[in-house]
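You will see chain A twice below: alongside chain B first, and alongside chain C after that.
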Partner chain A sequence: MTSQDNMSEEHLPEAVGPHGGAVAVHDDPFADPGLPPHEPRRTDIDERAAARAERQVARWFILSMIATVGFIASYVAIKPSNGDGTTGVIYIFTLGHISALNFALGTTLGISLFGIGAGAVHWARTLMSDEEHIAERHPIESTPEVRAQVFADFRQGAAESGFGRRKLIRNTMIGAMAMLPLSAIVLFRDLGPLPEKKLDTTDWSAGKQLINMNTNEPLQPSDITVGSLTFAMPPGLNPDDPNADPTFQEVIATSALLLVRMEPSDIKDAKSASWGYDGILAFSKICTHVGCPISLYEQQTHHVLCPCHQSTFDLSDGGRVIFGPAGHPLPQLQITVNADGNLAAVRDFTQPVGPGFWERS
Partner chain B sequence: MSTHIADGAADAHEQLGHSEAGVHQAHAGEKAADWVDGRLGIYGLAKANLRKIFPDHWSFMLGEICLYSFIIIILTGVYLTLFFQPSMAEVVYHGSYTPLDGISMSEAYKSALDISFEVRGGLLIRQIHHWAAIVFVAAMLVHMMRVFFTGAFRKPREINWLFGFLLLFLGMFDGFMGYSLPDDLLSGTGIRFMEGAILSVPIVGSYIAMFLYGGPFPGDDIIPRFYTIHVLLIPGIMLGLLVAHLILVFYHKHTQFAGPGRTEKNVVGMPLMPVYMAKAGGFFFLVFGVIAFVSAIASVNPIWAYGPYRPDQVSTDAQPDWYMGFSEGLIRIMPGWEIRAWGHTLELGVFIPLVVFGGVMMVIAAYPFLEGWVTGDKREHHILDRPRNAPIRTAFGVAWIAEYIILLVAGGNDLFATHFHMSIDTITWACRILFFVGPVIAFTVTKRWCIGLQRKDRDKLLHGRESGTIKRLPHGEFVEVHVQLPQEERYRLTAHEQYAPVELPAEVDENGVKRKVKALDKLRAKLSQGYYGEAAQIPKPTAEEHAEITSGHGHH
Partner chain C sequence: MKKLSARRRHPLAALVVLLFALATTGGLYAAFAPTSSAQADTSQSLSVEQGKKLFQVGCSSCHGLSGEGTKDGPTLVGVGGAAVDFQVGTGRMPAQQPGPQIPSKKVIYSQAQIDQLAAYISTLGAGPSIPTANQYAAGNVAAGGELFRTNCAQCHNFAGSGGALSEGKYAPTLEGVSSKHIYEAMLTGPQNMPAFPDTTMPQQQKQDIIAFIQHTTNPSKNPNYGGLTLGSLGPVTEGLFGWIFALGALIGIAIWIAARTPKAKKS
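For the complex of A and B:
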């Protein structure tokens, strides 16, 4: 407070007084000359110009009416488009092939709205008075008398309530009011389960076969050629039949895999190579940044790029982050080949997949 | 009443309300108004407001665009709720959009497809809703810039500034939730990103994520929950804020630019009825009409092209709506940074952008209070500043916009890479550097620019404008004749106020005792020096200076 009290006043510019325009202009070259006299428009003095403006306004309103009729006619007459381009699609120059119904409804609605707006604005600009008026402002803050009265009323009310004097009432009331919201907070507990270990595990476990995402068949090492990128999922899921497994979305959100194969000599990380099978490596498809699925593979460098935020991982070096905002490497799933010759998991991921979180060790 | 009249006509007339007294002259409209006034007392309100004066300037309609696009969003949004099913239950699609026939998808996505393909005009309403949302946030941002750069946020309007800020903030989030609802591949990716961002919050992150999503991602709850928040909770709060915002605009009376006859104590313009009722009312239809037309010819968020959401699939070029772009940029330019210790992970690579995002927004909210503190000015301000006359404020605003644009570019770094054939690593690194350097450059350039414009004003005021007339003097010299600006222009260019910088009290007081100056006071003096010191403003010409120069018959 003191800083403002002792610093402010003399550094403020002069308060601007009310100017009525009667200021002695000769003394002060920068004085307010006051509101200039009103200049009439053509429509103010020429009745024919005014009548012309009236007809222009009416034309806008009539255009709007016609467009509304057009809207209803389009709604009734035009078939909706179906997506394969066989019905309801028209070619509009510069726009290409678009839905005829949407185009007709949108343009007619647009014109019927715009017509009302243009008519009203044109009316206001040409025919309504454009003479400027002056209204006085009044200070927002109350007069000292009102202020004093309010404070006195408040003090009287506070004194009569005994709020300040009866400490027991005051303290218990504050306590009750402070505790009450706890009930509301408690009510939100059943919004969802506790995290527990839910973020730590996936659907993978020892012996689960790797299922090709495209064919729904188990993958064999020979299915995966050097330089290719294959997506895999745990068995028992059917993306085409959601009733088969209602938890499909949750399972795939953690357990989606990307499989690559490289020459074993290209693999820089020895542990990573030993977790694969004959150069086939299985990594989590879920980006360790914020959980987007990673899908862009550069086979020459063995880099994968997340299309969402461009985190880039080197799959030949244990999924290490080489660029972008991700904080830790892509988790690798240890795989082997089972008795049927199919690729299978040795165990679940040894660390949580996806983005980092507080409990992640 | 008849007994009263029997008692004495004059006395009875006194006691009659206008509803009875005016009965002979009143036509139906007046009678209806009397009926309402008898119950609500509207005439007091109408007296103050029917002919309320509003000043005119093109930039004052930016706020109107916000208001009207909000109304359009509400109207079209209500229509969409009639058809949209906010459910994540899986169904198989057999609708008229043949490319997705037989694909399994959530009910939310299916109903959004049905709105686009089965409901006649449904696509149009959906696109108007989405375009209006895009326009709404853009208009709020530009409206806020207008208020910022003209100093309209100063006393008594700081609280209304905060209301506006909250509307912008809530509008952005409601937009995000809105485009998340169709549960298409693109929006699902946005929801997944949100989960990752929440998980990065220390200690409580995984709990919030579990509670919000009702279990492991994606669960069955997030779309219905977003729906309630999107259509009820946030719009309800926004409606309240909007009404409060408008009431304050009426109560404070509108600001105006300096000009002849316009002072801090008055407001000059045209009356609400009829001029602004027609202009503003008509403008609603213009805005609606233009948005409807845009929705007729320009597709927005073609969800059928993305397909249903699957957590293991994604499209390239994934982009949020433009107003979320700057937060996307923050996320993209942040280098990976994770601290692991004592069995815990601190995911700073995600958490820091989250905090900076809040900071970038909060700076807007806090600015009026910072400037009010530096100036120490407790007076009301109704005359708007020209941006050049507040160089530091203007420079600060432009620096903020520069930062915003840099982050928008960073948020689309993949698009810049593919469209301009540049390395995405280079773009990201450039944005990382510009994040720090860009605002500084923008600040410096803007400040210099403003001061240059102030010099130009001063020059024009003292020497007049160039007339284009060349005069040959008796001794052969050619000079261009300068003409004094008209009085109105001279007043307009000098109507602004110039603060003197705050000075600290002398280090020792009159008794030679060393004075203790609080660090905060020192900071304030320093900031004030930066705002209003010699290097930050060109003094307005005085009447004496003007007299001295003009007395020399027009040439120097």
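For the complex of A and C:
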């Protein structure tokens, strides 16, 4: 008999009778009661009940087949709805006006999948054997002889290699292993350029005019009424055809502005008021939490709310965070009016826009 | 009379007297009170006069006797007729109670009365007047979609179904709002909604936005191709539906799969 034979027989589950081998010891109140006695189902003893269950299972599978045929048929027969919703649209109560094709495909595919599942479950519950068996686990630990042998082999190997005795070999090997990951770090470092100062600056600079995103025209102070909300961008962008200008998305992602006007007496922060023009304040549209565009502006409270995580900024108080997870006030762009009477930036934002990052103070 | 005085200590006597007193006061008031349903008048000065009367009865308790505003309501000097037509025409005004936001409800003034109120408020100070039908005629749907996503979708949601703002305020759904009221809302900025004046959003763009809203929120023009929209409110309702109904159904099926099969013999 080889050791392989020995192992496989040793790890076989212990044979246990169908009703559980353990017999309860009466003086132990917590004894394992074993499995309850097996009760036959009707289908186990009544051949007609079994035949009926078989037909029921078959009916589920046949329903699934019919639904699959229906799926293919509706895919071929039903025209997809057109864009303006004049054809191929049906009204289903609770769902509303929906595409007939989508509805037919979803319903038939759902029925055909459910039919297979329901048939399989019904089959298992009525006809497959429901007798429970116990298979005891063998102990995870190896036998004491095997363990002793493994320890002895390990010690012998360690002694023969001289790992403990020849310290020069050991130390140089540890050094070589520690050095090896440096090559990966060099490769990772070279995957792309460092961000440098990109995160600190935007497209705004001294003298750049504020362009209305709706009309693509420069804005004048008289255009912006108290309580209004306007979105502005730096000049030279074409929002009507963003694909024509590959830098459009990159610029707008950092330089989008939110322009509001309030009564100068409502502005609580003196520096913020002086950075605006006659109550017109220009704030970054990028939330300082994780950079969502924010413009849910409430003109009576002067609060602007971020839809992502409910950070709320008070634009009448220098963009201060009054609620939510944002860590920095909303950056304000200092604006003035140029010789043409148009609103223009005095300089770039004095702090990075958008979420915090590693080097941001 | 003797019978009546004999029953004065009856348990229901107090109730009868109370009902009689209420009916008498109410009846007398109805008979003698001045009728408030003013007739529409073509004369401008007369409609201002009528509007002033309506204002003093219905609005002055919060907005002040001459619309100067009190601590309960803002000044109406310079808000213009468009703001009046929006606030009263959508039932937001007169407000039922103070709160973070005044909701729209049943309109209680007739359009003629609203016009009179607007005429009166317009005399208090210059402001946007009620737009004419060709001002809010529907424009280009596709261009309106672009403008809607830039200017409106942040609060009113990509499908115009509205959304929550801070401290109990909310952006209402745009479904079923008339083109005139949408135009007036953009022009005047009611309550906490910012205004979008013609200087920053020209009239043509407002018409495009109106066309987009009327197209998008009309289910017969813009059907839900994917089926149940759950209000187009985004991940919150979708997640809630998934967790409660879909997961509930899966748990039910799992219980059915693991349930004990009926035995031939009752145990």
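Everything below uses one rule, namely that the second predicted complex is superposed on the first by the 284 of 361 C-alpha atoms of A that agree within 3 Å, B and C clash if a C-alpha of one lies under 4 Å from a C-alpha of the other, contacts with A are read in each partner's own complex, and residues count from 1 in each chain.
Following the convention adopted for this analysis, a contact is a pair of C-beta atoms (placed from the backbone, for glycine too) under 8 Å apart; a residue touches a chain by one contact, two chains touch by 3 or more.
Remember, it's a predicted structure, so these values are computed and weren't measured experimentally.
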*In the superposition, chain B vs chain C on chain A residues touched*: B
*Who does A:129 touch here: chain B (first), chain C (second), both, or neither?*
first
*Figure out whether A:28 sits in contact with chain B (first) or chain C (second), or with both, or with neither.*
first
*With the two structures laid over each other on chain A, which partner does A:323 touch: chain B (first), chain C (second), both, or neither?*
both
_By the touch definition at the top of the document, which applies to A:191: first (chain B), second (chain C), both, or neither?_
first
*asked:* Taking the superposition on A as described, I'd like to know which of chain B and chain C A:253 touches: first, second, both or neither.
replied: first
*When the two structures are overlaid on chain A, which partner does A:335 contact: first (chain B), second (chain C), both, or neither?*
neither
*Is A:225 touching the first partner chain B, the second partner chain C, both, or neither of them?*
second
_Contacts of A:353 with chain B and chain C, given as first, second, both or neither_ = neither
*Quick one: classify A:98 as touching chain B (first), chain C (second), both or neither.*
both
_After overlaying the two complexes on chain A, where does the chain B footprint on chain A coincide with the chain C footprint?_
81, 84, 95, 98-99, 102-103, 106, 121, 125, 130, 213, 231, 293, 295-296, 307, 310, 323
*Given the complex with chain A, which residues does chain C contribute to the contact?*
147, 150-151, 154-155, 163, 165-166, 169, 171, 189, 191-197, 199-202, 205, 219-229, 256-257, 261-265, 267
*asked:* Please output the residues of chain A touching chain C within their complex, sorted ascending.
replied: 39-42, 44-46, 81, 84-85, 89, 94-99, 102-103, 106, 121, 125-126, 130, 212-215, 219-220, 222-225, 227-231, 260, 293-301, 303, 305, 307, 310, 312, 323
_Residue ranges of chain A touching chain B (in the complex, touch as defined)_ = 3-4, 6-8, 10-16, 18-19, 21, 25, 27-36, 75, 80-84, 92, 95, 98-99, 101-107, 109-121, 123-125, 128-137, 139-141, 188, 191-195, 198-199, 213, 231, 233, 239-243, 246, 248-250, 252-254, 256, 285-286, 289-293, 295-296, 307-311, 321, 323-328, 354-361
